[in-house]
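Read through the structures below before going on.
Same chain, two partners: chain A is paired with chain B first, then with chain C.
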Partner chain A sequence: MGRTSAAMAVFLFLLLSLFSILQLVSSSPEIRVLSAERRIDVTAPIARVFLTLKVENAGTSEVSEVLVAFAPTEAEHLAILKASVAEGKRKKKTYVPLSVNPSESPDAPNGAQLYSVSLRSPLKSGEATTVEVLYVLTHLLEPFPAEISQSEPQLVYYRDSATLLSPYYIVEQITSIKTPSNKVESFTRVDPASRVGSELRYGPYHDHGPYSYSPVIVHFENNNPFAVVEELVREIEISHWGSLQIRDHYKLKHAGARHKGVFSRLEYQFKQSVSGVASFRHLLMKLPPRVHSVYYRDEIGNISSSHLHIDSQKSELEIEPRYPLFGGWKATFTIGYGLPLQDFLFESHDGRRYLNFSFGCPLIETMVDDLTVKVILPEGSRNPTAAVPFPVDQHLEMTYSYLDVVGRTTVVLQKKNVVPEHNTPFQVYYDFNPVFMFAEPLMLISAVFLFFVACIAYVHVDLSIGKSS
Partner chain B sequence: MAPTPVTSPVPIQWYPMLSALFLLVGLLVTASFFIYEATSSTRSRSLLKEVVSAAMASTFLGFGSLFLLLATGVYV
Partner chain C sequence: MGAKAENGPKPPPPLSSPPPFKALVKLKTKQQELLIRSAALALIYVLAFAIRLFSVLRYESMIHEFDPYFNYRTTLFLTRNGFYEFWNWFDSESWYPLGRIIGGTLYPGLMVTAALIYRALRFLTFAVHIREVCVLTAPFFASNTTLVAYFFGKEIWDAGAGLVAAALIAICPGYISRSVAGSYDNEGVAIFALLFTFYLFVKAVNTGSLAWSLASAFGYFYMVSAWGGYVFIINLIPLYVLVLLVTGRYSMRLYVAYNCMYVLGMMLAMQIRFVGFQHVQSGEHMAAMGVFFLMQVFYFLYWVKDMLNDTKLFQSFLQITLTCAIGVGTLALGIGMASGYISPWTGRFYSLLDPTYAKDHIPIIASVSEHQPTAWSSFMFDFHILLILFPAGLYFCFKRLSDATIFIVMYGLTSMYFASVMVRLILVAAPAVCLISAIAISATIKNLTTLIRKKSKAALTVSSKATSNLKASAKALLDQSLPFQRNGAIAVLVGAFYLLSRYAIHCTWVTSEAYSSPSIVLAARGAHGGRVIFDDYREAYYWLRQNTPPDAKVMSWWDYGYQITAMGNRTVIVDNNTWNNTHIATVGRAMSSYEHEAYEIMQSLDVDYVLVVFGGLTGYSSDDINKFLWMVRIGGGVFPVIKEPDYLVNGEYRVDKGAAPKMLNCLMYKLSYYRFGEVTTEYGKPTGYDRARGVEIGNKDIKLEYLEEAFTTSNWIIRIYKVKPPKNRW
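And then the complex of A and B:
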């Protein structure tokens, strides 16, 4: 009896010590950020942040990921997060992209959203590496005052933190904010903070612990066009007879400070430097080269105020809506164009065909709240799949068009909060047997043949009432 | 190893010419079909000739109208 209880006690003691050792080993590896440099660009209505993190592994075990944290207000406006690491020296520096995934951590404060950047090779204890992170935030510039008249400039609030929100201990950090002009009304002072022209600098700050957050507000003038496409539906129709037809349906809005009072056309036209500085008239679209049959119309009819400039590398379409857009005003229009098939449709080695096209909106410097891309595949296509570099919602639909019997399979991709950084190519793969291309001429031939058969039948049938003697 | 671009089976520049050609031949064969119908009597009519002529005419007219649709920009 004594021997077994002693053995049990020893066993329990060993188990407890094993657990405590495991606790020590599995606790989060100690990463320290040696230097963090944040460059925030708020010249456009889309806020872009470039973050350079120099991290050092101060723990004992290897680390293969670096966590980046966002406050809840930032996280819900986050459009895209990209990370890369520089390889090579000096002139031969290439940036290798790293994969980023959302992650959870038990000791994050409530609401903080974490993303983990996977390093290419695990970082050994004592080593340091530099990670470059780019993230884009939308709808974060709040116009204040919320309503302005025609002759006032537009001022916006930008809310952020002077210190970087990070799960790690930061030895040294500096943040610089670039505004479009040097008209900054006010900014929260967190010493040492300074302003030189159109650039504000917060820092350098030393030795801040994990998750330290000091909110600041910058109130500055931003008259750059606040163009937001509330809804964009792109239809890409593939026809194996030689063309790609694209139809874009836009719902455009000026998302800056709302316009109050009357709109005086006289004042707008004659005092252009003072009146309507926060409004915009022209929009630029970048289209692929070799585009043809471009049209720009809305529900009323064709809009002729547009210019198309085509060269060998790209095409630029500058459109001017029927009226200038002030704060809160909307415009709805459709733009369509055709492209040659061989630039975008390819056949891979395993026999599947795929469409290689760029996701996103062709308008430059414009964010889209809700983007729907419909790829209409020809009749007789099977097994469609889409390969998109970032998460989108996908589903299949049927579209009925010219000379269709069973309908055309349509791959629908939907994404919210799309910024120009999303203009990367995506692919839609499908199987197509070339025999199905004969379905259309066969339909026409059989229709005409039916008419001839009717003629023959009429000639052969005897319709006389009495017997011909 | 590079993927091959997919092009149309017939060069696009040929579409208007092909449509005119096919429609012209198709209409000529249609004309000969109707002339045969009009000039032959009930006894001497040969069903085979009629059907063959109708098939040829409908083939040419079908392809011609397809190329006409493609030439005008309705890419079916």
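And then the complex of A and C:
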């Protein structure tokens, strides 16, 4: 303990000295953060951070963007970053989203990654405004101990800084960390720090210079299902005969502390309160309303443990993998269903058709490491374009299904590190001539017709060479 | 069903129809008959397919049982990697550490067929999965079998009998048992191939045409590529030829048919690596060769007889030639046997000729339930009224003896014998029984309907003479008939319809209740009448597939080997291809030894996981404890340290407190009942009450030293244990 604190002190000293040097050359001193409130939610395996910044333009010139900084470890786990500004008075308060872009700053220390939030209207000298920032971090909770047995609860580390990493001078700040239960093993004390129930409070701290950083570690129990979809391939197949077929191929993993030693079914079945608390059995999935023909299977056949609840607003599918998932265990499966086409396919003003569907994973509170969405357009459609609210990799490929001759154009969208916040609608526009709808039925009809013609011909034609008696 | 079809072709001059319409009908009688016949056949074709889909509707589109999983896995490999890769495939995932040369140790017919169907469908732009093709291969071939049965029946009797035969075989439970959707096994296509070969051969004998016998050679080739049961063909056909020779029915037609079929069929069969040179080297195939030479001698003798024109001289010549031929034949056979060039008969073959052979000498064959001698009840279950109609059909066959009917009689009698020796050979008998019964039904109904129609026809014109010319004798008989003959005929006809409808009901019931269970998924009725599914097998296999290292070796009893490799995708020590008895005996020995002894065996085999099947919690009776005595027997057959009496108490097999001490402490007992002593399975019973055997277990305090529980399925049916690494020596 003594050694770590000593090391930490040295580290802090180095950081501070570095910052003080940097401060001299810093070029944007005109913004000051009057108050920063950070609420970190680590109840789920995903860490969600709500940041409220009250910024003031202390300089002389107008400022149109505010920078948000992330430590390198955070930056690589950052799944989504959203900023908004509140407008209107209390009751009519609405949040207006602001655009966020990665930003390069030569003076950012130690690889800190900066993002700039563009304000709606430039901030004049002496004015102040409040910016709400939400960001989601995945894979940041580190299980410790890394291996647990069946009866042990799962403990995780959360690493962060007691003070907000920011390129600006912060007058007053406070950080609160919400843990899933009040079972907190330990946490780094940076006075004033306190714990009330399941909430840890760091601060208020006053007058910290830019890029001040004081690392803290929180060690607490988190038995929430650490369900991570390592790979998800969604196939959305459009048929203009009135249905939309979805096939989702999941590679699911329990990404928490690895299971060690024995798995005893006896204890799992009969001592449920103490056994396998860190494992999970069920997953809930939100599907669109009016879903039909749902199936749940894997490479070796149907999985019979699932329940579907349908009402007019939404459908919920409760799935259960073949076996409970303990840390490190995996399960792969496929979920497919049909949807009525008129709920999702529309015609735009210029006569193009477009599909409006939700991006992201339908499993509740689950992160996806690698998501591929394939929109399989009907045969004969042309000029597909995709409109997605966030950057994705995209390309085209061909898919062949029943009775396809030229193949179906498929729009492939790929994104890494997807969280539930990505479940927003996206659109795929394409041109389609309705004549192509009749190509396949006509093919079948002509095949049957030819068969009968062949039969008639066979009956009427005598193919024998010699005369047989 | 069959009766309806039979009735079809024959309603040309109905009494009620007015004269103008009658003229119209009369013109087209032949076409009408063709139409009805082909429509009936098409319906039968669809029916044969549809009745086999119960399993898909009840459960899902999945592969059943044990062997089909191997076939599915190899088919998957074939479609992915192509034929040459498949042909040269060395499979290191089974029989660890020996491995298995797949291409050289299987009958590729089924896989190639399925792969070809798959390719064809893909070519026609049907994006089906290979699994669907595999699941539906057997029903598809069953439908084709009905067509063959129709033509076969037509060949040996008449079109009516053919139609009845097609209808009977479409729903015969004996055949359905091995050809429901999902039962992707060799038999599924082999019965089609068998009947097809027989049909082509009979056709060749009837016509003496080279083309037909060539076709039958190819049919034989397909059969050889599909199933080991081809041995039945290669022995039945020579036997049939021999019978024809003995009964003086030798003809040029027979000579052409047999020689062409045998020579070409043999050469083609040699192309299958698993069969290889057996046709000239193995004792089971020698009968065919002997008959082949005998045919030549016969032909030679006929030729000499033609040349000589002198009976006395020919007699002495005959004696000399026959003595020489038989002498040379026996000498060759003797030398071949003695020098080891001709291999002796295999155990399976012996056990067919002598049902008690396997029990004494090869426990591994005797341990399989489908190799048991057939009980009367299962004959009744699988054949129903056909069992009564079969002798009647034989009577009709004998009454109208021809080359073709002799064949079907021989096929029927021999296969009935084999069916009574081994349960699973009911399958081979099913087509013969259906054909012979069809003759009985068809002939009876035909006689009865002519009787009924004759009376009314007296008033009619002579127009229907054409239809009744066959039964001219019956007409003559009718003139001096008894007064109640017509009524009697109607009564018997109604009875026949009743029987046939019972048959149809029975077949449907048997198919839906008994033969449509995949055996991987178990279904039971819950307390509230709902359907409860036990999917433990797949739960365990999928767990293995996902959560064990890819190179893990799994030891289990050989029954589950194919399933573990196909569904679990892990290496197994032994599997259902029981080619190495010693290896299986080693596993049997490990299972029946004490834990520390078993640990040494498992270490020597690099075993990482041990899988046992346990039904004590659910009352599932075909589990490893019930199979355990066979493990002991098979293990003891090779390793005399394992003695069966050690596991029995006064010759009784028990698992409760009174069980033998060795039994209570052997690996299988420990793994099955580990921590089971703490469970209450049934209300009002002590803990550790085994529901499969209905006793409280004898050893409730089981400690494992060298293994640890790795996974147990939700109903405890499969239990997987991990073998711990050896302890550090310091």
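Definition applied: the second predicted complex is superposed on the first by the 418 of 469 C-alpha atoms of A that agree within 3 Å, B and C clash if a C-alpha of one lies under 4 Å from a C-alpha of the other, contacts with A are read in each partner's own complex, and residues count from 1 in each chain.
Simple rule for what comes next: a contact is a pair of C-beta atoms (placed from the backbone, for glycine too) under 8 Å apart; a residue touches a chain by one contact, two chains touch by 3 or more.
As the structure is a computational prediction, the values presented were derived from the model and not from experiment.
By the touch criterion defined above, A:I465 lies against neither chain B nor chain C after alignment on the C-alpha atoms of chain A.
More chain A residues lie in contact with B than with the other chain of the pair chain B and chain C.
Of the two partner chains, chain B and chain C are each touched by A:Y402.
In the overlay built on the shared chain, the residue A:W241 is in contact with chain B alone; chain C does not reach it. In the superposition on chain A, A:L341 makes contact with chain B only, not with chain C.
In the superposition on chain A, A:V196 makes contact with neither chain B nor chain C.
Touch criterion met: A:I445 reaches chain B, while chain C stays clear of it.
The intersection of chain A residues touching chain B with those touching chain C, taken from the two complexes, comprises 401-403. Here chain B touches chain A in the complex through residues 1, 3-9, 12, 33-34, 37, 45, 47, 50-51, 54-55, 57-59, 61-63, 65-66, 69-70, 73-76, going by the rule given at the top. If you check the complex, the residues on chain C that touch chain A are 60, 62, 125-127, 520-521, 533, 535, 538-539, 541-543, 545-547, 567, 675, 678-679, 708-714, 716.
Chain A makes touch with chain C in their complex at residues 261-266, 269-270, 298-305, 322-323, 328-332, 400-405.
Against chain B, in their complex, chain A makes its touches with residues 237, 239-243, 245, 293, 338, 341-343, 345-349, 353-354, 401-403, 434, 437, 440-442, 444-449, 451-453, 455-456, 459-460.
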